[in-house]
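You will see chain A twice below: alongside chain B first, and alongside chain C after that.
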Partner chain A sequence: MSLSLAFLTSFAAAPLSLLITRLSRRWSGGVLAAVPAGLMLWFASRAPAVLRGELPAIDMPWVPELGLAFALRLDGLSLLMALLITGMGALVFLYAGRYLGQRRHLSRFYAWLFLFMGGMLGIVLADDALLLFICWEVTTFSSFILIGFEHKEEEAREAAQRALLITALGGQALLVGLVLLGDVAGTLSLSRMLEPERVEQVRGGSRYLPILLLVLAGTFTKSAQVPFHTWLPGAMTAPTPVSAYLHAATMVKAGVYLLARLSPLLGGTAAWEWLLTGVGAVTMVSGALLALGHTDFKRLLAYATVSVLGALVLLLGQGTAHAVQAMVVFLTVHALYKGALFLVAGVVDHEAGTRELPEVGGLLRRLPITGAAAGAAALSMMGVPPLFGFVGKELVYEACLEGPGGWPLALTAALGFSLMVAAALRAGVRPFVGGSFRAGKPEAQVHEAPSSMWAGPALLATAGLALGLAPKALQPLLGAAAAAIGGAEAGHLELKLWHGLTPALGLSAASLAAGGALFAARAPVLRGLQALHLERWGPERLYQASLEGLKRLAHAQTRVLQSGSLRRYLAVTLSTLGGLLALTLALRLRAPPPGPPGEILLHEAAVLVLMLGAAVLAVTTRSVLTSLMALGAVGLAEALLYAFFGAPDLAMTQVVVQTLTVILFALIFSRFPVEPHEERPRWRDAPLALAVGGLLSWALLHVAAVPPHTRIAQFYATHSVPEAHGLNIVNVILVDFRAFDTLGEVTVLATSGVGVYLLFRTGARQRRRT
Partner chain B sequence: MERYLALSIGALFTAGFYCLLRRSTVRLALGIVLLGHATNLLLFTVNGLQRARPPLVPEGAEAPTPPFADPLPQAFILTAIVITFGLLALLLVLVHRTEQAVGTDDTQALRAELPDSER
Partner chain C sequence: MNPVVLCTVARMMAPVLLLFSLVLTVRGHDSPGGGFVGGLLATAAFTLLLVAQPEELVRRRPRVDPTRLAITGLLVALGSGLPALFLGRPFLTGLWAQVPLPGGGALKLGTPQLFDAGVYLLVLGTAMAFILGLLHGEEEEAREREG
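Then we have the complex of A and B:
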């Protein structure tokens, strides 16, 4: 029960943030940070049970008709992710309180952040595929809102739209994939899917490949894999706390998380191995390359995040026990240092007034604590011993060397890491120690940020250092997370700083040296990369072209369909009606059924002739008065028909209403100047009207051949007196059996009466004024 | 009789559609009234016609003596007649006010009154 409470707390906190912000803007961040911090403590207190293998879980039916269950489960992987989400959340709330303190809509910002946190916790806790999908979409949507938070800026709106289009389309694919998966496996429960016979059904089934491709479409878009990565750098228009939280530490890892969660079910096949390893490797190298070519602090970090996400996917593609362990460790490493670096970027932006890396330098004197945190985080990113990043990198190399990828894959990874080393030096070191300060404001005015802003990066960087020195502290938790993905074998995780003189150490040293050299020679490299405009190629082009195409298509079809011409709308409507009628008649029935024409009495024939003649006159005459008289005649003829065929009530009502109609027409149009329009010639409107009218007649002739249905009439006839005590059956139907219909009718009439009154009144008022 | 009426209803629909397609809003209103007549007659004939007694129960009896006319379409049509009238009243006043405000009863000309962005 308390598990669902933990899940729902953030949703409940969203409205609370509105109140807290109103009470105190200054302290709101610190107060609200208590919510994620409390949740983190709660999750941490569950750790001993989870490590013992007693997994807290709940399973309640939600919408059983759809197979939707409210099922949550906390295993090692969920616990690790939940701790990252709530821990980073606490730091980010604390930070945002100061970072956005003066900004408008701060409370709204908090509310969306809480909503995101709830969705993200839901993703990692959900044991039901559909519940997971719902939470997945919650994060997509809150990410969209938060990217477009500065909604008055064109760039932010464009970036938000792009992120939504890419991730939401991927989400649709994921939904189809999960539903297919649930259909094949026979359950939507993620833990029950892993039962051996169900795994057999999924992997051996003919629908394995479509399921895999759909799930990959969802996860790759969310985790910004090439070619879907283009939304992530754009997302940097979001306020920095959002970039640190959603677009580095948590949300972009949702895709990796889901892949990890499903890898025992979908993994281990050739398609899985090739697709994940291939896409991951390409993403890792191209992400790092793009990162190196950027001068904007946050964009550089965003591309570096793309690169790391590629590495994580690559490791899942390898799928060995070691690869799974490396993935879990590297994910944690990345969350720590990338969160810190993003928060540092925010501090630099906030204090120095620029995010352009070449414009800042020597900031360590001005921002000592922030600078130290940035340095430690960057060293962890580079994988320098004795930081936690070194431990993670060693594991990645070892997993690559031992896995099916072997040396070629390890060298690819080394290439990616070398580029990343150079990027880390540019982002985390050079702005603080080397170069000169050339930003807009005088260097002397740059001060250290308030403690609530440096606390986050300092804490995260310290954690990176401490875990590097004593990696055993996290060993049980990370082992449990790896075991949740790769089984017991992956659970035997041994973390240590010194692995001995291994090939992995050699690769590590080589990538550090190569990265250092690349950084030393950065000027020509940078110029070359910038001249290539890598980010404008390929997927970027495709995205722009398809967006333009979509807009053009919308314009073209709107011009045709929404022409603003009433006549065209009616012509389209009538043609559709006629077309469908003609199709049905042609497909299912042929000519009108044969048979005697039926008898017609003389007075009936006379009334029909009168009615049709009056209708023709009403349509053809140019005089409004003649039209009105003819219209009255049609109505009276209709009333006579009702009278002939046993409906005196209808006849009476028809006479009254028809009289009122003619009076109303006469009142309105007596003062109406009827100018002859330059009408289209009649022959252009008449054929369509004739065709549709003719088709309706044809259909009615078929209807007339069907024997009448009498059961309902019999029901009303026999129940009218005993149940409703009324002798006039039509009346009884109206006010008793179908009284709600009559209530609706009265409502329509009253509404129309109010409308008529208002229109007349405003008309009179305007006339007085003129 | 149903067959003759089927053809007549088709003719009324034709007249109504034709009026709708013309440019004048007066014709538009006329067309709506004609469509109302046609639809009501359609409801009336669609389950067969009988030259029969009205669906009334004689005093003291439990049920009407057959043959009697089908009461259900009659109830529908009664509702339809009234609603058509409500619709028409609103439409006519709207046409009137539009003509006052814009000075035309030409639907094509009304289109020209839209701002460019909505055309």
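Then we have the complex of A and C:
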């Protein structure tokens, strides 16, 4: 039970943030950080049980009709992710309180951050595929809001829209994939899918490839793999704490997490291996290349994140026990150093007033603690011993060398890492020790950030160093996480700093040397990269072109359909109706319509003649008012017909509706003058009117010829009094038997009423202004 | 038509129409009627007043915002479905009670009647929103022409 409590806490904390921020803006960050910190302690306290193999789990039905269950499960992988999410969350809340202290809508920011955290915890804890998807979409949406948090800036809005379009489209593909998967496997429970016979069914089934492609579409978009990566650099318009939290440490790992979770089920096939390894390798190298070419601190880090995500996917593609271990370790390594570097970027931005790397230099004197943290994090990113990054990189090389990819893959990884080393030197080292300060702000005014802002990077960087020196501390946890993906064999993880003189060490040294050389000769390289404008090619072009196409399509169809002319609207609506009717009649009914049922009595004939006369008057008269009255007469005569045929409820409603319609139209005509172009010859409308009217009559004659469903009518007639205590069957159906339908209909009605009222009021206000 | 005649008739008829709309709503469960037609009839009554005495509208804006009325109606209709939930039955299940009357006989009360009352308010509010929106616009334009 407490597992679900842990999951729901952050959702409950979202409204709390409104209260806390009102009480004290200054301390709000610190106070709210207690929520994720407390959650982290709780998850940590579960660790001994999880490592023993006693996995806390709950399983409650939620919407049994859909097979949706509220099922949570905490295994090694979930635990590792949950600790990262809550731990980073605590630091980010603490940091944001100061970073955004003076900003408007701070409480809203916290609330969205809490919603995001809840969604993210849901992803890693969910044991039900649909629950996981729901949480997946929660993170997509909160990410959209947080990227566009500075919503008055066009750039932020554009970036938020792009992130939403790409990740939400991927999310739709994922939903279809998961539903298909659940259908083939016969369960939506993620843990039960892994039962051997179900795995057989999925892998051997004909729907394996569609499922794989759909799931990959979802995970690749979320985890920013080429060619879907373009949203991540744009997302850097988000406030820095968001970039550190969502777009480095947690959300972008959701795709990797799901791939890892599903790898025992979907992995191990040739399609899996080639797709993941290929896309991962391309992403790794191109991400690092793009990172090197950027001068904006955060964008550089974002591209570097793309590169790392590529490496993680690549490792999952290899799928060996060692690759899984390397994936888990490298994921943790990256969360620590990238979180730190993003927070450092925020400090530099906050204190020096710029994010342009060439403008800052020698900051170590001004920002000693931040600078030290940045240095340690950058060294971890480069993979220099004795930092944790070195341990992770060694494992990656070993896994590449041992796996099916062999030397070619290891060399590709080395190329990516070399580029990354140069990027790390540019971002984490040079601004602090080399170069000169050239930002707009006088250098003397740059001070060390308040402790709540340097605490995060310092803590993360220290952890990177401590874990490098004593990697055994995390060995059980990381081993359990690897075991959750790759089984018992992957669980035998041994972390150590010194692996001996291995090919991996050679590759590590070579990439460090190459990266260092690249950094030393960076000036021409950077010029070349910037001249190429790599980020504008390929996927970026594709995205821009498809967005433009979509907009043009929307404009074109709006011009045609929403012309502003009532006549056009009616013509479009009626021709659609007529066309569909004609199609149905032509396809389904070849027989000529039967004659009218029963004979027509004299008084009925009289009413019909009256209707016909009024209708002819309505279309021929020149006066709008006469036309309206004539239409009213048609309606009232119709009410008479209802009364003749034993439908008093209908007749009564028809009378009142008709009366109100005439009044409404009179009011409308008194407000909106008949425009000149509406006065073209009326006979042009006759063909359409006659055709649609004729088709409707034809269809109605067919309908009347079908014997009514006596069983349903009988049900209502016999059950109306005993079960619903009403003699008027029409009303009983409306308010009792089908009350849910009525509720839906009246909700639509009320919504339209509110909408119309608001339209009138804003219209009046605009007219007053002009 | 002579405005004086229209005005007099409207003043006499509007209360009758309103009363009849309530009758229609209450009796709807057993005889022709119901919340929908009742709400429409009430709208017709108010509209008659407004059309007969437009100056009344200028002098006294309606005290109740029609959209608020519509939302209230929606909430009432939604609320009528809740008691069933507390009894563990599906949402909107009709619940009935017989209240004995002093002169013998019994009055039956049920949640579907509450639902219908909600529909009545909602339809009245929505239809009045349309009509008031149009009338206000007209009145404002008239004021602009004068001023």
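In the analysis below, the second predicted complex is superposed on the first by the 600 of 770 C-alpha atoms of A that agree within 3 Å, B and C clash if a C-alpha of one lies under 4 Å from a C-alpha of the other, contacts with A are read in each partner's own complex, and residues count from 1 in each chain.
Just so we're on the same page, a contact is a pair of C-beta atoms (placed from the backbone, for glycine too) under 8 Å apart; a residue touches a chain by one contact, two chains touch by 3 or more.
Given the structure is predicted, the values throughout are model-derived calculations rather than measurements.
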Chain B versus chain C as contact partner of A:Trp274, first or second or both or neither: neither
Partner contacting more residues of chain A (chain B vs chain C): B
First, second, both or neither for A:Arg761, with chain B first and chain C second: second
First (chain B), second (chain C), both or neither touched by A:Trp498: neither
Contacts of A:Trp27 with chain B and chain C, given as first, second, both or neither: neither
Partner chain in contact with A:Pro648 - chain B first, chain C second, else both or neither: both
First (chain B), second (chain C), both or neither touched by A:Trp407: neither
Partner chain in contact with A:Leu749 - chain B first, chain C second, else both or neither: both
First, second, both or neither for A:Ile663, with chain B first and chain C second: second
Chain B/chain C common contact set on chain A: 648-649, 653, 657, 660, 664, 668, 726-728, 730, 734, 742, 749, 752-753, 756, 759-760, 763, 767
Chain C residues touching chain A - in the complex, by the definition given at the top: 24, 28-37, 40-41, 43-44, 47, 51, 66-67, 70-71, 73-74, 77-78, 81, 91-92, 94, 96, 108, 110, 112-113, 115-116, 118-119, 122-123, 125-127, 129-138, 140-141, 144
Residue numbers on chain A that touch chain C, as the complex places them: 648-649, 652-653, 656-657, 659-660, 663-664, 667-668, 670-671, 723-728, 730-732, 734-736, 739-740, 742-743, 746-747, 749-750, 752-754, 756-761, 763-764, 767-768
Chain A partner contacts - residues on chain B that touch it in the complex: 1-15, 17-24, 26, 28-30, 33-34, 37, 40-42, 44-59, 61-64, 68-72, 74-75, 77-79, 81-90, 92-97, 99-101, 105-108, 110-111, 114, 118-119
Complex contact set, residues of chain A against chain B: 564-567, 570-571, 574, 597-600, 604-605, 608, 611-612, 615-616, 618-619, 624, 627, 631, 634-635, 638, 641-642, 644-650, 653-654, 657, 660-661, 664-665, 668-669, 672, 674-675, 677, 679-680, 685-686, 688-690, 692-694, 696-698, 700-701, 703-704, 707-710, 712-713, 716-718, 720-722, 726-730, 733-734, 738, 741-742, 745, 748-749, 751-753, 755-756, 759-760, 762-763, 766-767
